[in-house]
Amino acid sequence: MSDLPLVVELTILFLAAFLGFEVISKVPTMLHTPLMSGANFIHGIVIVGAILVLGTADDTFTKVVGFAAMVLATANVVGGWFVTDRMLGMFKRRPEPRDEEKRT
Amino acid sequence: MRVVVPKETAPGERRVALVPETISKLAAGGYELRVERDAGAAAGFLDESYAEAGAELVERSALYEGAQVVARVAPPSADEVAALASGTLLIGFLHPLTDPEGIARLRERGVLAFAMESIPRITRAQSMDALSSQATVAGYKAVLLAANSVQKLFPMLMTAAGTIAPVRALVIGAGVAGLQAIATARRLGAVVSAFDVRPAVREQVESLGASFLDLGVTGEETAGGYATELTPDQQAQQQAALEERIPDFDVVITTAAIPGRPAPRLIPVSAVERMRPGSVIVDVAAETGGNCEVTVPGEVVEHGGVVVIGTTNLPSLMAFHASQLYSRNVAALLQHLAPGGELALDWEDEITRETCVTRPEGGS
Amino acid sequence: MISDPSVIGLLYLVTIACFVVALRFLSSPRHARRGNWVGGAGMLVAIATTLAIDGIGNWALIVVAGVIGTVVGVVGARTVKMTAMPQMVAIFNGVGGGAAALVALAEWHHVVEPGAEETVSIVLSALIGSVSFAGSVVAFSKLQELIHGRPIVFPGQNVLNLLVLGGASAFGIAAIAGAEDEWVLYLVIGLALAFGVLFVLPIGGADMPVVISLLNALTGLAASATGFVLGSTVLIVSGMLVGAAGTLLTLLMAKAMNRSVANVLFGAFGQVQAGAGGARADDGRTVRATTPEDVAVQLAYARKVIIAPGYGMAVAQAQHDVRQLADLLEERGVEVKYAIHPVAGRMPGHMNVLLAEANVPYTQLFEMDEINPEFPQTDVVLVIGANDVTNPAARNDPSSPIYGMPILDVDKAASVVVLKRSMNPGFAGIDNELYLDPKTTMLFGDAKDSVLKLIAAIKAL
Amino acid sequence: MRVVVPKETAPGERRVALVPETISKLAAGGYELRVERDAGAAAGFLDESYAEAGAELVERSALYEGAQVVARVAPPSADEVAALASGTLLIGFLHPLTDPEGIARLRERGVLAFAMESIPRITRAQSMDALSSQATVAGYKAVLLAANSVQKLFPMLMTAAGTIAPVRALVIGAGVAGLQAIATARRLGAVVSAFDVRPAVREQVESLGASFLDLGVTGEETAGGYATELTPDQQAQQQAALEERIPDFDVVITTAAIPGRPAPRLIPVSAVERMRPGSVIVDVAAETGGNCEVTVPGEVVEHGGVVVIGTTNLPSLMAFHASQLYSRNVAALLQHLAPGGELALDWEDEITRETCVTRPEGGS
Amino acid sequence: MISDPSVIGLLYLVTIACFVVALRFLSSPRHARRGNWVGGAGMLVAIATTLAIDGIGNWALIVVAGVIGTVVGVVGARTVKMTAMPQMVAIFNGVGGGAAALVALAEWHHVVEPGAEETVSIVLSALIGSVSFAGSVVAFSKLQELIHGRPIVFPGQNVLNLLVLGGASAFGIAAIAGAEDEWVLYLVIGLALAFGVLFVLPIGGADMPVVISLLNALTGLAASATGFVLGSTVLIVSGMLVGAAGTLLTLLMAKAMNRSVANVLFGAFGQVQAGAGGARADDGRTVRATTPEDVAVQLAYARKVIIAPGYGMAVAQAQHDVRQLADLLEERGVEVKYAIHPVAGRMPGHMNVLLAEANVPYTQLFEMDEINPEFPQTDVVLVIGANDVTNPAARNDPSSPIYGMPILDVDKAASVVVLKRSMNPGFAGIDNELYLDPKTTMLFGDAKDSVLKLIAAIKAL
Amino acid sequence: MSDLPLVVELTILFLAAFLGFEVISKVPTMLHTPLMSGANFIHGIVIVGAILVLGTADDTFTKVVGFAAMVLATANVVGGWFVTDRMLGMFKRRPEPRDEEKRT
């Protein structure tokens, strides 16, 4: 099904790998778990694969497998997003302390 | 419950057992307070302040009338004891280990006497620990006396007229007073070393930024945190080591003590003679005989150009703050013995039991 | 219906951009939340685009599957307790891995004459996806206490695991080499599932986060491999982003626990060891160690911080650094006060001497009686080398030698961070139950070092 | 060139003009040195050290024989002046502005006299600036005297017996002595405020971590960095403001001075009376009459419970370091006037011109 | 001869990897040099691969051109003085831009029926490459003082520049729209060259580094565009890496000068302003301001540092931070001493009081006479708020009011960094020629702030 | 000549751009100039284009233009590398101070 030269895909893969490393290299410990959860959500992109499989399935086997894949992938996407969001709830910026408060 | 505070009569004693601040707290807590006129004057507490705080000011003659509690600093004179009713609660420094006569007098009179120096050194009793509070003042004052007597400036200064080297100070005995002396000398800029026989002290000395002088002698520590006496061998070794090291120092402050025993002799005459003229020794242990052989308790002597300060009762020289701290210690003990103005002695209690030195024969 | 591959590609490129930005944001405390939203937007674009591709059918199945997945996801994520979050991450990660494996399986079945690239990708996707799925399920079960959280070890574990993994790989190679029978891939999947289970079983509950992060990275790789199967750039890139970020994150997490990844994964082999979470009280309450970075975030986002110094600050001679930390926080608008217990240290006024040396203004120092009423309104108390003076036993436990001593009520604050070197007791020689309080975390190490690390971490925020 | 160092004869003067360290430098640089026996004893410098440093120790009687230079601390007595040969170079504090008689005596005798207090305050002369070096010692000592007399501890301490509030200290006149007093009081833990009439001083006070007390009076600064006298109006305003603020302080140290003039009266009796009993005033300006109306120069008096210390010549109480600094000042001036032991006076030179107070009529 | 595109692609992927690593290394002081070597290796792989591609001919031309280019490059880079480095960067950047434009031109000529993608790429490559080439040449000439370094401004400059750029773009669009005549592209190139010249002319010498960085980023983009023309991934990726990195670097450089890029580029329009280099002495010597980051690197890589504090440290109450800075350096193995001038500050012993307060051990303090012989062996002297006590006029200038005062011989050290707020004089009210010494750089700002920034910068290394 | 779908090239371009940003985001000021110079060297990769053009040139015009491009690109590569190397000469790691030295 692939229509790109493998080497191009590898180039892309390499760039993505390097970027993945660089982009999170300064994460504070406090964010480790939320970041993990966010990344977990992102690999839910496998849902694209699930849709492609299920959407083009013509035999029962593929339909069944595709259906299962679709259920799992959707759960990953939806659950992953909400879990991350809840975790990050605690990072709401605290209001700036008012001046009088600081002085007392 | 009537508490009376006499003016101290011991020579040189400027402190007062209760200060107005504490008086007002006690007055609000069920006690009736009577203070002798001028009791706080020498420490900087005016009669007006006492009156404002809720005490009744009385003459000496009327003082002990109906007194249920007497709060003092120094032990009462024989006359005073005679004026106390049997069963009176007496709180003060009573020298239970070194003044058997005075204690006997109290016992005969049937006084319920509590000695501030016998407060056990347990966590719960820290607010009553007058030995600590007064030692704090003594340690601070010792450094000031030294700084005032030595011909040198404590801090290093680099000036257009050359550099002044910092004073090198040695503190021997790093208990409460010694630690405070270390801290104060360091504040003033001296280079401070310290020595103690208890092994736990090294870390404490270093926690104040001073260095520990190792004289190669290590003693024991009792459960109460006090040191035990050294063996004669160890003592000789310590003296020899000190004699070796002492010429390096401009200022020596000694605070070594063993409870109930005369102060250990640490600095022999020969060591003093090796010090540079103009150096100073402050012997905080002078009261119990002194750590230095040259010390004359209560006096400042010079020996070969070295000034040896044996002034006793250093806290009394800082009477304001010393009284303030002591007063809180006394009040804490009083509230422990008679909470809310009602005597409630619990002889099971460690503090009550250990602090009491005499009680009326058939008493509570 | 879109049929132009350029349009599809461009839309997927938007998704990729969103994911990169999402990861970037997620690694900064200020933007983290926004990061999740950006990622969500990217995902929506990807899903919508894919659904719109010419030739997609089976709508009913897609919708039903989507609804089921959504319900599971929303309910799971919404109803779970905050403390159970890690297991939710584990399970959602697992289903992602499962999805990847299933897609691979479908393609295996579907593609008539797969080329080498496809076969390799399919095998990899199936293998990695299955390991991730099974491992995540075990991790979930452990954390959820469906099975025992303690490491499960047995003799020969090592050998068995190697055999299973070797088997899975061998069949995978066979498949690549041309064994086109369907059962070859089933064998790969089966053995991979077994390996996933075996692999996670011996790991203790405290180490689970590292393992979950590793499984997460694996799922990313599986997704990426699926991308190769389907020739989908968006899958390749997104999967690999997660694969790389997840790997780095795994390393960072292990480092934050002062362990190597190898130690986490294989530490239990051969020897049952105590959980890394620290000492454990008899009643099951544990001491929780923390890292300077975590404390830094707590402090930087606090409104009011109280510093309670003790003898340990003196021993470490950390006073100058403590003052600097306080200054730094004040600059950021945090209110900072010092709580001075009357007998902190080893001599009267010990803390005063040191803090004066460090030039802390007297007006910032508060006596115990003054400050005690303020603890309940305090976000974080930083206990620096103090022990006895914060021990609630003095209030609660009449049998304690320090019973009756007034203490600093640090345990009334919203959270407490204790800086000391070990679990050793202080002067009074007694344990401190404050350290078992769920609100308390311990930052172990010399106080000076720890404070310096805190300063650096706050500046890095 | 023969340089002689007499033992100081002024009452209470413990310092010595040259210390062994300086002697050995001079001896190496072309000077011949004679030191009176026991000249340094009171400051802690032994005769042996002088001998080792290369000085010849002589009796008083033989001291002035062939002396070309005399180095002193205090002005010479009439007898001593008589013993000097005409043309002798004399270096010391000679009080040129306040002791016309003494100067006249020197002039009559034909002495080539240089007054240490007249060293111009220019950059190049800083190493000779004895006023600064001695003021440094005085400022430090003033704080020690205060700390020793006050009934309170300087630092804040939070203890089991309650919290001790820090002493609040006020330094008036923040010249060299005042700044050193600020620094020392801060070292000891006091909360320090300071005041001076010269506007540049505010920043200097703050550079020591103390706060500037604004009394609303600002004076002028001369080219030499000294203050000018205030107008009577300003003086009244300053007194009133001080009276208002002074009850806040436990310790007051005054160093205000105008060169050649009596010390400005800053603290009226009424202000002293508003202070708390037990407070202390150290009047460093006592020598020129004192900044406080209660001050009795040379004495310690009590007024309504407030101790007012008018001790003069504070540097002499720290004779070791004070002598060391002074000695380097003297040596620097000597080397300027007679480099390498050869008199080479350059009357164009600002230092030589301004420091010289008398010279022989037909002299070099 | 390689003909398999996969092999070529893989080799190019090696190049890309090398370049990414090279950039990463180049941005860390520790690895910078290695970075350049890695980049070089990547370049060699790319060149060798390209030469080996099936169908490459014209060997003689290639070799001759390569030799000429190499000789020019080596001779130019090797013979130039260290101080002339920036202009070398400019000119080598320019030739790169020129090469990109020429490649585009050749392709324009060569490709028979270019698609939209090709035309766009060709036009962009030619346009950007030409601007970069011409701009770089002007930058080079200014720095090399072939033309005057000062901003060259004239009325209507704005309008003219806009017109020229507009013209270039218009013809470019025409070319894309289908005007296939060769001269259209020549016009684009010609106008772009003109714009490059006009654009750089009004910018002053002090701002040149920022402009060169911008032109550098542009060349990267031109190379990337060339990659689209040739369908070469390695060109696309490498060019874009430089384009992005160069853009960020331009922003960072402008920020380090406390300017915005817009201000740098267009600041001169309308008004001739003073060079950013700071005050200028009559004899042409200038005061050079520096940044905390630069000083941090100097300090961190020094062997021996002497700190000379003065009244300014007292005013700023920076003593605690100074001690911390010294501690930090010592931890890194730098030898640190304090040089205390006898009259530093405003009272005898002023520095002692403060440094004792900050707990600097007495053993680190050295009197002037002790330390003066050590300055010649010192790498960096950090003068913190001291002025008069470091003024060489006291040695050299008999007319100076401070002539004859012994001073700290800080000017004998390898380099001097002065921390003060402004060029204002100190107590003596006189200028300090130390500040004009080429070895001296000034870090302006409150001493406490500056020291805190230094600490942060050293920790970030 | 291009044989890849434009959108793939754009994907690659985007990844490279992001990577370029991330990879240098922590550079200290001191390294600004060397980094600029190093980046300058890297865009010398245009030499690949020059070789392709010149190596496949068949008419004179292309040969001339290609030759010029080749000269310029080579100068960029070679000069850029050496300039960077010289600049970085000053970052040689200083030898660790010996222990005795530190103590004195």
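Per-chain residue numbering starts at 1, and chain names A, B, C, D, E and F are given in the order in which the chains are listed.
Here, a residue touches a chain if its C-beta (ideal position, glycine included) is under 8 Å from a C-beta of that chain, and two chains touch if they have at least 3 such contacts.
Because the structure is predicted, anything quoted here is derived from the model rather than measured.
The set of chains touching chain C and also touching chain F is given as A, E. In a homomeric contact, the two copies may use the same or different surfaces; for chain B and chain D, over half of the interface residue numbers are shared, pointing to the same surface.
Chain geometry summary: the mean Cα position of chain A and that of chain E are 39 Å apart.
One simple way to say how far apart two chains are is to compare their mean CA positions; for chain B and chain D this gives 37 Å.
Centre-to-centre separation between chain A and chain B, using Cα means, comes to 70 Å. Between the Cα centres of chain B and chain E there is a gap of 68 Å. Shared contact sites, meaning residues of chain A that touch two or more other chains, fall at 4-6, 8, 11-12, 15-16, 18-19, 22-23, 26. Residue positions of chain D with contacts to 2 or more other chains are 126-127, 132-133, 136, 155, 157, 159-162, 164, 187, 189, 209. Counting partner chains per residue, chain C has residues 20, 24, 233, 237, 342-343, 348-349, 353, 356-357, 359 touching two or more of them. Inter-chain contacts occur between A-C, A-E, A-F, B-C, B-D, B-E, C-D, C-E, C-F, D-E, E-F.
Within the complex, the chain E residues that touch chain D are 311, 314-315, 317, 342-343, 345-350, 353-354, 356-357, 388, 394, 401-405, 428.
Across the complex, chain D meets chain E through its residues 122-124, 126-127, 132-133, 136, 176, 179-180, 183, 186-187, 203-204, 206-209. Interface residues of chain B facing chain D in the complex, by the touch rule stated above, are 14, 41, 43-44, 46, 126-127, 129-130, 132-133, 136-137, 140, 144-145, 147-148, 150-153, 155, 157, 159-162, 164, 184, 187-189, 276-278, 305, 317-321, 324-326, 328-329, 332.
Taken together, the chain E residues at the contact with chain B in this complex read 340-343, 348-349, 351-353, 356, 359, 362, 365, 367.
Chain contact summary for the complex, chain F toward chain A: residues 4-5, 8, 11-12, 15-16, 18-19, 22-23, 26.
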